[in-house]
Amino acid sequence: MVQDLLNATTLASIYVLFALGMSLVWGTIGILNFAHGSIFMFSAFIAYLVVQQIPLGMPAVIAIAMVSGALIAVAMQYLVFQPIMKKAKNPHAGELQLVIGGIGLSAIPISFAQRSTLSNPFGFSAGTFETQAYTIGGVIITNVMIIILIVGLGLGVGTALWIRNSKKGLALRALGVDPEVSAMMGIDRPKLALATMLYSGALAGLAGALLTYYFNSITSESGDTLLLKAFAIIILGGVGSIFGVILGSFILAFAEFAVLLYTNGSWVTAVSFGLLFLILLIRPQGILGKKEVRRT
Amino acid sequence: MLEVTDLVVRYGPVQAVSDMRLTATPGQITLVLGANGAGKTTTLRTICGLQRAVSGSVTLNGQNILGLSPSRIVRLGVAMVPEGRRVFAPLTVEDNLRLGGYTASRQDNDRTMAEVYEMFPILHERRSGVSGLLSGGEQQMLAFGRALMSQAETILMDEPSMGLAPAIVDSVLESARGIADSGKAVLMVEQNAEAGLEIANDVVVVSRGEVVYQGSAEGARKNPELVRAFLGDAALTDD
Amino acid sequence: MYRSKKHRLGVAAVGLSAVLTLAACSSGDSEDTAATAEATEEVVVEESATEDTTQEEAEAAEETCVLPPGDIKVVSIDSMTGPAAFAGILAEKGADLALKEINASGVLGDGVTMSIELLDDATSPDEAAAQFSKAAKDPDVPVIMGGVISSGAVVTSPIAEKEKVAVVYTQAGSPGVVIGDYTFRYTPPMDSYWGGVGSYIEEKGIKTMSVLYANDNPTLIATAETALPALAADLGFEILSSTGLPNSTQDFKAPISKILKEDPDAVAVLMVGAQNATVVSQMRESGWEAPKELLGFAGIENNFADIGEAAKGVTWASIFHVDSPAQSTQAFVDAVAAEYDGEEASNYTAERYDATYLVANSILAACSTDRQAVRDAMADLTNGSITGALGDVTFENQDARVAGFVVQWDGEKMVVLK
Amino acid sequence: MMGWIDQNEFLIGSTLTVFLLAISIQIPLRLGVISFASIGYYAIGGYGTAILMTQYDVSTWTSVVVASMAAAVVATLLGLIISRLNGLYLAMATVSFSLLLSAIAVNGGSVTGGAVGLFGVIGDITIWHTAGIAVVIIFLVSFTERGKLSRRIDATREDSQLASAMGINVTAYRRLSFPISGLIGGLAGALAVNLKTAINPESVNFTLVVLALTIIIIGGQASWIGALAGSLFFVWLPEILVFVGEWEEVVYGTLVVFAAVLVPGGVVGVFNDWRHRRSVARERPKVALLEAAAGESDAELTQSRSGKDG
């Protein structure tokens, strides 16, 4: 039982890492980034390519993935999302345009990685990091799990507190409510958007590297799976709420875990969509979301 | 001092503002009157950088600000109280004020926030409450306070009385007068000509994007027929 | 009619891999097979052996069958991009190699060559169908080779039946693929040979088993839901639980936890792609070590490169192995190594290589590029046993069957257990 | 010509069914409802037809009609229960509705054929029938793109509050869009399963959601011509891109990105903008009046409305 709770918490931390950046970007600068999964995968892929050449340890691999993720995200923002936002006639048209731009973008790295790996799984086995399992009171925990728990929950709570208490965090929340009035307040939206994308990309890279360590290998398509779950998590918790991401991640992870433990498992995909559908019917603003949040 | 000269703004092929001329002077309220669609809001939006102009100039104390980004313009000292107040509804009153002071220093913020609370005690009372739950009048006060927080010397107000109960309109416009009296230059767009003229120093009447009358508010008050003629004319296009 | 070409084929194959000869000669009787098996060892013997059996007939036929000079265009639809590209690209290497051998041998006749127009379905059923229907409506295409994805094959098979053109698939292990006279499959469905691990199960004294399978992959479903229960009934072991998971599952801690509580002797892992590596390594992290067993399925080795040591001891049944004792397989393995820079041959390459020979042999046997004649010849050829890169292959209703090997991952590669 | 049609029957058939699916998404979209439930309707139409034809030996056309009607009924119910939502929230709810149906398809046992799906759906619908149905739907849809109805639809989308003020029953319009969308989406699925003879969960998953969305946005949201242009483009793109071989996906992604950034109105939008500019230039005086009437904050609306008036 303790083991199951620990495992489910680890899964929740993974979800937090992935969904955090996505929620931040959607809830503040209003970009529902369909390419987030691609950034996640491709950052890990770049780290994999480097590790194939030079056997590196975990910190270096994570650093490479984070820098890659940040650069890809910034490039996407600069080349695609920002121009779309600038041109959008109204926020509603812009929203869809951004989604489409993200869809197009996501196809590119996936295709490159597929070509290169022939869709075979890839991982960091060429690196120097070794997974170690420890047994404490009958509960098995690995060093990767410990890192994921600390990093995932730490970054989740840290980001949430930062958004809640810092000046820039306040500015981001304001952007999420009303970009135009935010601009009247002197908030430089394009600059802040670029910074947010950079952070979100770095988080995606971090998640990519840690997940590859945790699962031992991922494939070019791994990001898409998480993307759909992240939608559920973000809406579950409430768009724009970072604590909501943590809550949503836990709910989804524990719900999936319960389904897998107590049923024959085949309905597990339906859990995320079912939860998503249900929450939208009952409480569309999400569990922690505020009703007035403008971005719909 | 804010000066707008020969401003032309278009939405695609539609000319929204043509040859607009305005001035806003410290300590004074310049009232812009005109029917719906006359180009008033567009003018304000252009001044604070939200809308691009085709030609003309907007200067602040002689320095050109036309074409700068909104955030740059706030820093130079022009703040906006937008139409419909548009407070950040899910955020607290205090967070709204802090956002108003986004470009200002911490000391300025602390000082101005105290002043705002003094001016609008109700805001202090509800400072940790969600601003979306304030009444219309309270939200308007918050929008004023938010603009003041930026330390801007010029404040643009877009229809501050819109949607408010008649009883509150007077007190809101009184506050606007108070802001001007504290030395700010106020450029106010109003539909409620009568109430607006009570507090304004100068008045500009626009119709179909053009200035059709310009003069002192006092003069207009003394000769209401004059203004009504223009407003009536402009109002006709509404149908 | 098709028998008449035996002689030509036999002679031509001398300088070649034995596959062509064997495929053509083995029209079903065991004597033929025995003779040709001998033949692979010694070229001279082989030639005479072939002549012995069919000399008269062959000589008579020699005169009658001459394919008109020119290029015979066969269309191949395969997944060269997209998630199934790893299989498609390897498969096409087999087709290319076979084609090169066939054309170099001149076996098709003077001035007759065969070529393959390769169309990429991008792992999309719709694209597969679009290309297939185009090829099927082109009367100049005598026969089609079909792609690796089942979801594409179930759509293209009715087109083949409707347009009356033979199609040979490799992979595409789903039901609904081999549906009539014109559909052939050169990859045995996994559930037909998975039972090969039965001996291993008995040897290890496995009494209880838990199964983890991908519930959205037809092949793996069939293996988990049909082949395994049948095997369990046969050998008398018990399946404690069978957990079907969708391909979106990434973390397997929950089902693993469930299985650990059941404490079976063996766990069968029948997942897709990277999931296998994750399951196996998470099992190991949870302390699943010998004598507890892990069983897998054909092709699982492609996912083990990154977990290496953790997958050591995973055992499964495979239709192909480079260390297979079969002469024909060894000839093929050498040919692949020679052609592709020392590359190790894979099952995908082997299947398509054999399928390409089947196509060429059918055209030769029919002595025509007429669709109906080619399909009839192919039906006749697959009526018996064909020996090739996959070793001895028989067919059940135009669907391949092989005995298979029990193989195991030794930490770096797969090795044959027996 | 006939030879070419014969050879490309599958692609033409795909274009038509994808077009119907796109129309099914476009109808609510024109009212400002971003709904991907059409994928679910498509699944209901497709699976319904396949189940009726292969398991109950119902005739082809009866199956198609019954399955499409079933999709319309489900759509109506869905429209009622998610009527509170709008924007991307509604989009998400409809995506999850569609993917839930896909999960049901996987777990449906012998009824849906599980992961293998259903195959051997051989009916007597030809490409000409499909084309005929598409033409009828184009004919009906084109009615909504002209005159008063078109203006009402545009107003509902661009500014629902203003539309309500103008006396348009926004809720009724939006609610009505669901059964219509459901019927057309179900029809698309029913015809597609007859074309492909098979249906499986993979063919109604998230990829189809993405494809449908890109078709509408790239083609153009405002008119059936946009849906048709998008369908043609995306169904035939792989054919056109054969020469780029393995880089097809990269080229596809890049094209989509370019379209999203450079032509927000879609391919058809570009054409309309050009036509629009010409008509506006001719109608300048009228425009100014209308602009003043509509209020400057709604300049966009004014612009499109005046363009159509002129």
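Note that the chains take the letters A, B, C and D in the order they are written out, and that residue 1 is the start of every chain.
Operating definition for what follows: a contact is a pair of C-beta atoms (placed from the backbone, for glycine too) under 8 Å apart; a residue touches a chain by one contact, two chains touch by 3 or more.
All values derive from a computational prediction rather than experimental measurement.
Novice: What's the fewest number of moves from subunit C to subunit D, given that each move must go to a chain touching the current one?
Specialist: Steps on the shortest route: 1.
Novice: Across the interfaces A-D and A-B, which one involves more C-beta pairs in contact?
Specialist: A-D
Novice: Centre to centre, using CA atoms, which chain is the farthest one from subunit D?
Specialist: Max centre-to-centre separation from subunit D belongs to B.
Novice: As a quick test, compute the distance in whole Å between the mean CA positions of subunit A and subunit D.
Specialist: Distance between chain centres: 30 Å.
Novice: Quick one: subunit B and subunit C, Cα centre-to-centre, how many Å?
Specialist: 77
Novice: Please work out the Cα centroid separation of subunit A and subunit C, and write it as a whole number of Å.
Specialist: Each chain reduced to its C-alpha mean, subunit A and subunit C end up 40 Å apart.
Novice: In subunit C, which residues are in touch with two or more of the other chains?
Specialist: 81-82, 215, 246
Novice: Could you say which residues in subunit D touch two or more other chains, in rising order?
Specialist: Counting only residues that touch two or more other chains, subunit D contributes 103, 106-107, 246, 248-249, 300.
Novice: Could you say which residues in subunit B touch two or more other chains, in rising order?
Specialist: Residue numbers touching two or more other chains: none in subunit B.
Novice: Any idea which subunit D residues touch subunit C in the complex?
Specialist: Its residues touching subunit C are 6-11, 14, 103, 106-107, 114-117, 119-120, 122, 196-198, 200-203, 238-239, 242, 245-246, 248-249.
Novice: Please give the residue numbers of subunit D that touch subunit A in the complex, ascending.
Specialist: Those residues of subunit D that touch subunit A are 32, 34, 81-82, 84-89, 92-93, 95-97, 99-100, 103-104, 106-107, 158, 206, 210, 213-214, 217-218, 246-250, 252-261, 264, 300.
Novice: Would you tell me which residues of subunit A are touching subunit C in their complex?
Specialist: Residues 3-4, 7-8, 10-11, 14, 111, 114-115, 117-125, 131, 133, 135, 140, 142, 211, 214-222, 225-226, 228-229, 256-257, 260-261, 264-266, 268-269.
Novice: Which bits of subunit B are touching subunit A when the two form their complex?
Specialist: Interface residues on the subunit B side: 48-50, 69-71, 74-75, 79-80, 82, 86, 88-91, 95, 98-100, 102-103, 130, 132, 146, 150.
Novice: Taking the touch rule as given, give the residues of subunit C at its contact with subunit D in the complex, in rising order.
Specialist: Subunit C residues touching subunit D: 80-82, 120, 122, 124-127, 129-130, 132-134, 137-138, 150-151, 154-155, 157-159, 174-176, 179, 215-218, 221, 246.
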